[in-house]
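The same chain A turns up in both complexes below, where it pairs with chain B and then with chain C.
Then we have the complex of A and B:
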């Protein structure tokens, strides 16, 4: 398909670009591993002092960390680099070239830059998911697991959609170039189950910047805390969110008048 | 000399004042992780009654104090200095008869702190109303001693960061080096958890490292948790680290400037 061919090309181009910085890639991967060690150490300190956190055991928290790192990969492999490029292109008018190409502009803007070494973080995340799920496998049923997979995907879709809306705002407010800082700032709240947070923070990470929807809620489904209709509701939010975001994007592109003309 | 500082203050303050709306965003960065840790530990303390003798109230007081101390002792040198070495814009500062790090970068840090505090104080007030921390153990004397400890912590942290950022003269990977330093400091400063809940070997190591001067030591002084002997010991280690950090910075800076080739300028 057209889109997959393009993705493959983007990936090739980005791999070539990153090959110029091989040593940096190794350093980045090592640093990422160090942060994983840091996170596991902090979990071990928590569980040296308690058996459960908000009712969750070590297995669930490791799984949550895995989901968190997947969302983080989405952010750091696609969202940050593409936002940077996009903001610059609206300011200097080179966004024109995106519109001239015979491809969906939203696709082009969100996937043309890929931080390739983050595939490593994805691998670590999958490792965390597998080990977390096998630690707490007694708690998990097959429907729970399927709900989990569905909600991980829809959670990513929700974050992706929110991002589209945030960067589309740049079409209306050109100076709004720290449009994703708020996403970045709230990321840290994704590492722990949102049920332990105070109400106001829970509201923020559920309804305003739904980091919690992308991280805690899939693990709740995994534990069987969510009923079938609830799982479908959250999955529906993902689909509707994506639809809304693409509408906002299209309206934004219509507003765009070029920086040079 | 005083006039240089005064003028640089005006310049840096005016520059930050332009970006005052952005400050609110950056403040979120500072706030979120302490509030998350606060929530995690109070939830555990509430479930169990207490963690190692610390109650939910103790955790609230600890992290509410941490938010203030962190504002005062931290610095942003890596963000405001390293790129100047890389793009060559440091050249114009080097030919001036004032030390770029100890005057301009120093005042830049203070200006950003001042503006941050303007936004931070009301936010902290709201959090205070939400959490109702128990500060009954705080006395004027504690605060006075803690002010000295925070000054010491700030200076040590400033000089160590300055030394590490000066590695930019050798390598473009200075950001990675700093990230490593930052992770270590998170662990040993008491940011993640009050150090007394850490495994014993980390606590022992933390006593000999400078990082607890940035957060844990001043916080414990404010909350009245330390004996006179412990305070004296902390200050002694602080003064030693100040001397070490000063010598280290001087040396790295001198060797670094020799290597500086003003790429791009």
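Then we have the complex of A and C:
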């Protein structure tokens, strides 16, 4: 498979790039461990005073934190570095070379930069997931777990699609470096379960800004709160979102080649 | 004509550019209601290029050279007109087309700054699906011609401009393109650097039979490489033909240089228009119509105490400058 061979080469090249900045890598890994400690500490403070948060117990919250961190890690590993590269390449014109490569431009824009040491964070996130799930394993059924997996993937697809749309906007508004900031702001809303927010904000977080979809909803499926059709509906939203995003991307590229000079 | 590699037929490109007067008020007005102006960058340009040709694409800044190259490589959609390169319509960006052409822009980087060029090359190998043995042969050949050797192992940010350009060109040629679009490939390089790239392009064209269309600000690039040139100005095609013919058509005059026994005693002005010639400062030069060279030379030899006489073509820079201003 050509795609996998390409990914492997991208990964190799990126490992070499991050090896060029050793100190940076080590500091980042340590900082990340501190953040995790801080997050677990805040959770333990909350649960010292109450048994549930918006109806969620400690195991479920740890699972939620795990999903949140996993999504965040994937974003830090792929989305942020590639956004930076994309914005710079549109500004200095080297994006032209991307378009002239015999590979899908959306693929190149997604994978050409990979912050490799984030793999470490991924391990931490998976650790959280596993321990969260095992703490609340009595509450979990097999269909719930499968729904959870499906919705985690669909949630990531939704965030990815949102990102593609945001960066594609650059083709229309040449100066649009804020695209990263907007997504980051949206992401931070996913750290706590949607139900801690007031209803109006919950609606925004779920429907207008689908970050909650990527974090809370999978865990809801895990808790068995969602019926089968609902799970499929949310999964479908991911697929449709991705399709729409790639349409927007194509239109953007077309616009770029119609207007740039 | 069907064996032409590049066919361009009344290709036009019009940009919409927002414009405003200088000043704060105008900036505010333009924020709310933007005015657009159409700029015709390329106007109905047509030409054909045969396999293996090296064609120089000339014109002053803003003439439409880069816009044309971008359309031919597929980056820009034209407003009107047609183009076929290797049988493809470039802006459809078909992978088969992208694999058989290259665009090298002297002012843009394709290589990553933080890693050695060799690693970026591997990326290109994967992207262009170049088989290992073919990749090795091509890289060796490029290494022979460009003397890349040690450069490939250094991070690109540590290379000099000339070294980087060599690597950029090599990166653009790894997939053995049949058509090369080169936009100012020697820009910013010193004389030796320019000469090396030029030498390389000639040899590459010779070995592979690739077709090359290049723009350059350095006339030496053009005179050394191109038998044929295309001149555009204000988006319009001004000239398409041999370099030698250009002088005949645009500047049908010759230079006569004489070394006189007593320069101060004679005026050359009534034989022709006196001109400076920096390359040969000892002699006094005049410019005369090409058809009158024989007669004027005979008169000068009879009437003046001449030690030495030369008859030369006007420098190509002068000719091209004239062509731009015509």
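Throughout what follows, the second predicted complex is superposed on the first by the 258 of 261 C-alpha atoms of A that agree within 3 Å, B and C clash if a C-alpha of one lies under 4 Å from a C-alpha of the other, contacts with A are read in each partner's own complex, and residues count from 1 in each chain.
The rule is short, and it goes like this: a contact is a pair of C-beta atoms (placed from the backbone, for glycine too) under 8 Å apart; a residue touches a chain by one contact, two chains touch by 3 or more.
Please read these numbers as outputs of a predicted model, since none were measured by experiment.
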Chain B versus chain C as contact partner of A:20, first or second or both or neither: second
First, second, both or neither for A:97, with chain B first and chain C second: second
Contacts of A:9 with chain B and chain C, given as first, second, both or neither: second
First, second, both or neither for A:34, with chain B first and chain C second: first
First, second, both or neither for A:229, with chain B first and chain C second: neither
Partner chain in contact with A:257 - chain B first, chain C second, else both or neither: second
Sites on chain A touched by chain C in the complex: 2, 5-6, 8-10, 12-13, 16-17, 20-21, 92-94, 96-97, 99-103, 254, 257-261
Chain B - residues contacting chain A, complex: 22, 25-26, 28-29, 32-33, 35-36, 39-40, 43-44, 47-48, 51-52, 130, 173, 176, 179-180, 183, 186-187, 192-193, 197-199
Interfacial residue positions of chain C with respect to chain A in the complex: 15-16, 41, 66-67, 70, 73-77, 91, 93, 95-96, 98-99, 103, 105, 107-110, 112, 114-115, 119-120, 122-123, 125-129, 155
Contact set on chain A toward chain B in their complex: 23-24, 27-28, 31, 34-35, 38, 41-42, 45-46, 48-50, 52-54, 178, 181-182, 184-186, 188-189, 191-192, 196-198, 200-201
